[in-house]
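Shared between the two complexes below is chain A, which has chain B as its partner in the first and chain C in the second.
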Partner chain A sequence: MKYRIVFRKRFRTGMIFEGVLPVLSVLAALFLAGVALMFFGVSPLEAYRAMFRGALGSWYGFSEVLVKTIPLVISGVAVGFAFRMKIWNIGAEGQIYMGALATAAAVRFLQSSSQFSMLLAMAVAAVIAGGFWGCIAGVLKARWNVNEVITTLMLNYVAIHLAEYFIYGPWRDPSSLGFPMTPPFPPSARLPQFLDTRVHLGIVAAIVLVLIFRLVIRWTRWGFEIRAVGENPKAAEYAGIRYGRNVVMVMFVSGAIAGLAGMTEIAGLQGRLQPGMSPGYGYTAIIIAWLARLNPWGIIIVSFFMGVLLVGGETIQVIMRLPLASVQVIQGCILFSVLAFEFFRNYRVLLVRKERN
Partner chain B sequence: MSLSVPAPLVMMRGIEKSFVGAKANSDIDLDLRRGEVHTLLGENGAGKSTLMNILSGLYTPDDGSIFIEGEERKFRTPRDAISAGIGMVHQHFMLVPTQTVWENVALGLEDQPFSLDKNSIIAKVRDIQERYGIHVDPHAYVWQLSIGEQQRVAIIKTLYRKADILILDEPTSVLTPQETKALFQTIRQIRQEKHGVIFISHKLDEVIDISDRITILRKGRKVATIPVQNASKESLAEMMVGRRVVFQIGKTLQNPGKVVLKAKDLVVRGGRGIVCVDKFSLELRQREILGLAGVSGNGQEELCDALAGIRQIDDGAIVVDGVELQGKPSREFQKKGVSYIPADRIGTGLVTGMNIRENIALRKYWRKEFTRFRFFVHWENIAGRTGQLVERYSVVNPGLGFPARMLSGGNLQKLMLARELADDPRVVLAVQPSWGLDVSATLFVRETLLEQRDRGSGVLLVSDDLEEILSLSDRIAVIHKGKLMGIVEDPDSASEEQLGLMMAGTSLAEFLPDDVPPGHVPVRAVP
Partner chain C sequence: MDFFVPILAAAVRSGTPILYASLGEILTERSGVQNLGLEGLMLMGAFSGFTVTYSTGNPWFGVVTAFIVGIAISLVHAFLSVSVGANQIVSGLAVTMFGTGASSLLGRKMIGLTIPGFSKVPIPFLSRIPVFGPVFFEHDPLVYISYGLVFFLVWFIFYTRPGLNLRAVGESPVVVDAMGLSAVKLRYFYTMIGGGLASVGGAYMSLAYTKMWGEGMTAGRGWIAIAIVIFAVWHPARAVLGAYLFGGVGAMQLRIQAAGTSFPAPVLMMMPYIFTILVLLVISIKKGRGILIDSPGSLGIPYSREERG
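Let's turn to the complex of A and B:
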């Protein structure tokens, strides 16, 4: 007897199914990545175990995971916000750099001994710079319908190189023995850290931003407009919602939040501006927002998971002598399998007995 | 079956088909004889399209068999069906606009793999035109043709492929009355040539006019097959709906009040920068329904978009209640009481991914009573209002928190009516409000519009269904290629012929005696 595979469109997806699917897709990703790890010549099970131990096996590992989670949550909220309106802000990375650059500028030019006013000035500078960077793509989209995927992506390179110009050039620390970095920030320009970990005050900012994200989307008029445009732009236009203005505003806010991620990262953790201050958080944020289905709580959970992956990845780099790329391979596998599993959200796969002609 | 009686051209027996639990066809039998026009009649969702998609090879049935001239056939792809002589003319004919008529006919022919023998194709096309009386210039580009002519191309295309069995899916829904007449001539010719025609429609007058036999479907089942001699409009409707249907809607005479909407010399461009509405003027008064008749795609939707403030206008003025609104954002139009029921419910009028409350909020969320602390949506108030509206407009729903996509077509439209009409707007722009709805939902929509008129709104009713226009309107305007062809002040005096000619581009002035100045004057019925 012969069977053939048939795809049927789903009309509804059950709650359990919605919950199980991301787990399944991560498992599939780990499997795929395991195959890749085997090519690197290590046992995938051992590698995963080492990753898990390194990330969650000790308080130190856990705190390091939180440290990584902070910028991921903040930039996840940033892109998630834009994605809610189906504005594809791929430029969080550049906006993070602009935020960090502005933070460094504030530290350089607005020396103040009051920690509060110093941090406030840095945050405001970061928000304005990141927001401005997002706004450019927003205005281009609103005025001339320029594809924001391309503009935001290209602006990333501009921002990163702009930051490098200052780091290598005028703002380089004369006492850094030639290393490209700005002078260390004074203590008044540092976000406090908790106990003896590297977890800094940015974690509060991250949680507050998630709450605000939820509040805005769920309860405000503006959030309703954003969702309506995202769900059905034609209906939104019919409802009298102004598209162009909202694109600019959403891109500003999205960029501003990403800029804040840049500020918390260098003020809380690195204490100075240096090249590679964000190892691609802005890009990982895209995966996070997607995996979380733009759900605020989901962004926290997925960011934490990604944090585990990053810290665990560092561990296996050290223990198993694997290249950094191996972690990125795992991340890539996850995104691929999430996209692939999206198909199963929409279709059922059935095995149907083939009739004889 | 005895040998003396020839097998019918098509015999479908016990056809079953279900989709995700819902039975679309259950135990349906259908016979089509040679030289017969057989109508499939039924409401939306009765299973007509499913049955025809099975016959044309798009779907495979779950059970049942198909016999072509007595021989059992199984169609797994449309190609199988085409080679068995089945040709389907879809509602949206699939033609390539940038190619000529003969090129479209030749497109996809199997016996011409590399080069097209243009002359022999054109000769064959002309032969078909001669035989069936279908006239289209084979050298014309498809984009130059009217919708009616494009339909003829689609029919030629199927006849060229030697279709013996022609399925016409709601062919008249896009035609003017005159074009419908020409189509019926063609159908009769095809019948004369001893082919079989399956005709799908829900317009009862037409069905009685053209059919030899009628098969009525309801909820996926066959109700009956009757010869046309035994059919009356009332009996067909009753079988179709399952209960008695009253055709007359109680329409009282009203005294129209002052002008609530005035459009003056409007010029509106469509999506590709082409002028779609050309110096169009009209006045809409309180307590009247002004019907705007026209073949769809003649600028009606662009006009209504402009009147609702959604589409920019190039020139002209829009005055609502004495206030000029042209150039203002559409929110200003909403504030002045302009309601808009767009033709595309799912694509424009509603957000089907959002829940029922949010769909009610869609064009009201900014109002004071639905706002809290200026920036927040007052969801409690919206929920309360939604509850009332859903009840008042009897929107059957699984719960206010469920996405609108779970509602049926009729209930989606009721939801939109609820949102647009509940606050007694000054102006109601209703475009194709009953399009695609079943009989009872259509009736509901029409009665609701009449009620809204009686409550004092001015209603601009856009429809390409003349019957709808004639039965609801107090005055009738006709649009053709974006231009106003004239306004008929007394619908009772207008004949369908005259309106049809106006829809095809004859201006009202040409019907008038010479000594009457052109303009909006009552017109005598044209004999």
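Let's turn to the complex of A and C:
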């Protein structure tokens, strides 16, 4: 008897399936990445074990994962906002840099001994700068329909070079022995850290932002407009929802949130502005928003997972002398595998008995 | 003239990797698939081309390897975007991430090594034409091949039967299927060839331009190439203009830096990216005014036979 494989279109995906699928696809991704790593001369089992031990094997490792999760959640929300409207903000990385740059500017030019007013000023500066950066792409998209994928990406390079200009130029710390970095921030410009870990107050900001994201998208008129435009721009237009205005607003908010990620990162963690302050958080955020299917709780879970990956990546960098690029390989594989598993979401694979003619 | 000729020649040289990638993307997008993975493909091409050239001593082997590697990686993108019908933007980003990561992971032992690579082969007679000669005909063979490729592609896309099929599948895969051709096969084919060309563009960087390998050495050229495809309205001849324009901006920036002005380097390095945005803006304004832009009608839309409507 002969069988053949048939693909049947699914009309409904079950709840359990919906929950199991992301887990399955991540497992498949780890397998895929493992094969790739093996091919690159790295033992995948050893690498994964070292990553797991480094990230979750100790309290310190766990707290470091949380430290990484903070900017990831914030920029994941930022990107998610825009994706809700099917606006591709690939520019979170640049918006993070602009936020950090504005934060450093605020610290440099507004000295205040009150920690509260200082931090508030820094946050406002970061929000405005990040929002402005996002707005550029938003206005170009709304007014002239310029492809936002490319503009936001190009603006990343511009923002990174702009930050470098100040770090290597006028804002360089004269006492840093030639290292490119700004002078350290005064204590009043630092976000408080918890206990003796490096987890800082940004974690509260991250959780609040997730709640706001949920609230705005689900329960407000504006959130409804965003969803409507995202689902069907033409129908939304007929319903009187103004596309252009919403694009600009969404890009401003998206950029502003990403800018805040830059602020919490340098005010909470690094304490100064230096090159490479974000090791690609803005790009990882895209994966996070995508994997979480824009679900707010999903963003937290996936960000934590990515945090494990990053801390684990740093561990194998030290132990196995592998570049951080191995994390990028794993991330790429995760995306590939999630996209491929999309197929099983839409189709059922059946084994059908072949009929004899 | 003595000042401009070297800059123009450098524009051609530094525009060539972008040109290869744009030509590849034009083929891919003409077939209706968008590949945002050019940056990753170029890096893999730069790395694999360099490695093979370093160990064999023959840069042509490097070019062929890069082409094959590009084809292999684009196969994944083709599978996801054509067969699975997945989101092409995300798949392209995945290609870029994977390519960036894999090239720097694999290439960590290659850093600091140099190769003789391709050397300049001035074309007899032609290179003696004033201005034109040194600008266009005193380069390495890959540059000359890119000239040939442009002419070939213009002829192929607009004056041949397979070229017509290529444009048709980008415009309306349903029609192509009705003609008895496989829209799926055509899209696979052009996505892979396009990726191969982008990878060769990357190989140009490491084999003829810098003659060494460095992490992330393409520095956004893959993304610029995607912008140029829009600037070129999917026409190979206009891509030449775009690529050299960008090459020129890059070359100017290097020259100003080398001249030792007090102008800060990071500000100069922003120029090509800002320029990309401006060019894109001009094209989009033109398009908004109803000036006919010949973009593939079903670009980025997955096609599935059972759902045609």
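Assume the second predicted complex is superposed on the first by the 346 of 357 C-alpha atoms of A that agree within 3 Å, B and C clash if a C-alpha of one lies under 4 Å from a C-alpha of the other, contacts with A are read in each partner's own complex, and residues count from 1 in each chain.
Keep in mind that, in the parts below, a contact is a pair of C-beta atoms (placed from the backbone, for glycine too) under 8 Å apart; a residue touches a chain by one contact, two chains touch by 3 or more.
Computed from a predicted model, the values in this text were never measured in an experiment.
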TODO: Once the two structures are overlaid on chain A, check if chain B and chain C clash or fit side by side.
DONE: fit
Open item on the list: Looking at A:V318 after the superposition, I want to know if it touches chain B, chain C, both of them or none. Which is it: first, second, both, neither?
Closed with: neither
Open item on the list: Between chain B and chain C, which one contacts more residues of chain A in the superposed model?
Closed with: C
Open item on the list: Looking at A:V349, would you say it contacts chain B, chain C, both, or neither? Reply first, second, both or neither.
Closed with: neither
Open item on the list: Contacts for A:V35 in the overlay, against chain B (first) and chain C (second): which applies, first, second, both or neither?
Closed with: neither
Open item on the list: Taking the superposition on A as described, I'd like to know which of chain B and chain C A:R221 touches: first, second, both or neither.
Closed with: first
Task: Vertex chain A angle, Cα centres of chain C and chain B, expressed to the nearest 10 degrees - done: 70
- [ ] Report for A:A235: first if it touches chain B alone, second if chain C alone, otherwise both or neither.
- [x] first
TODO: Based on the superposed arrangement, let me know which partner A:R8 touches: chain B (first), chain C (second), both, or neither?
DONE: first
Task: Partner chain in contact with A:M154 - chain B first, chain C second, else both or neither - done: second
Task: Per-pair minimum CA distance [chain C against chain B, superposed on A] in Å - done: 5
Task: Interface residues of chain A shared between complexes with chain B and chain C - done: 9
TODO: State the interface residues of chain A toward chain B in the complex, per the touch definition above.
DONE: 8-9, 11, 219-222, 224, 227-228, 231-232, 234-240, 242, 357
TODO: Sort out for me which residues of chain B touch chain A in the complex.
DONE: 20, 74, 308-310, 329-331, 333-334, 340, 342, 344, 347-354, 358, 361-363, 365-366, 371, 375-377, 379
Open item on the list: Using the touch definition from the top, list the residues of chain A that touch chain C in their complex.
Closed with: 9, 36, 40, 42, 88, 90, 140, 144-147, 149-151, 153-155, 157-158, 161-162, 164-165, 168-169, 283, 286-287, 290, 322-323, 325-333, 335-336, 339-340, 342-343, 346
TODO: Could you please specify the touching residues of chain C with respect to chain A in the complex?
DONE: 36, 40, 76, 79-80, 83-87, 89-91, 93-106, 108, 215, 219-220, 223-224, 226-227, 230, 264-267, 269-270, 273-274, 276-277, 280-281, 284-285, 287-288, 306
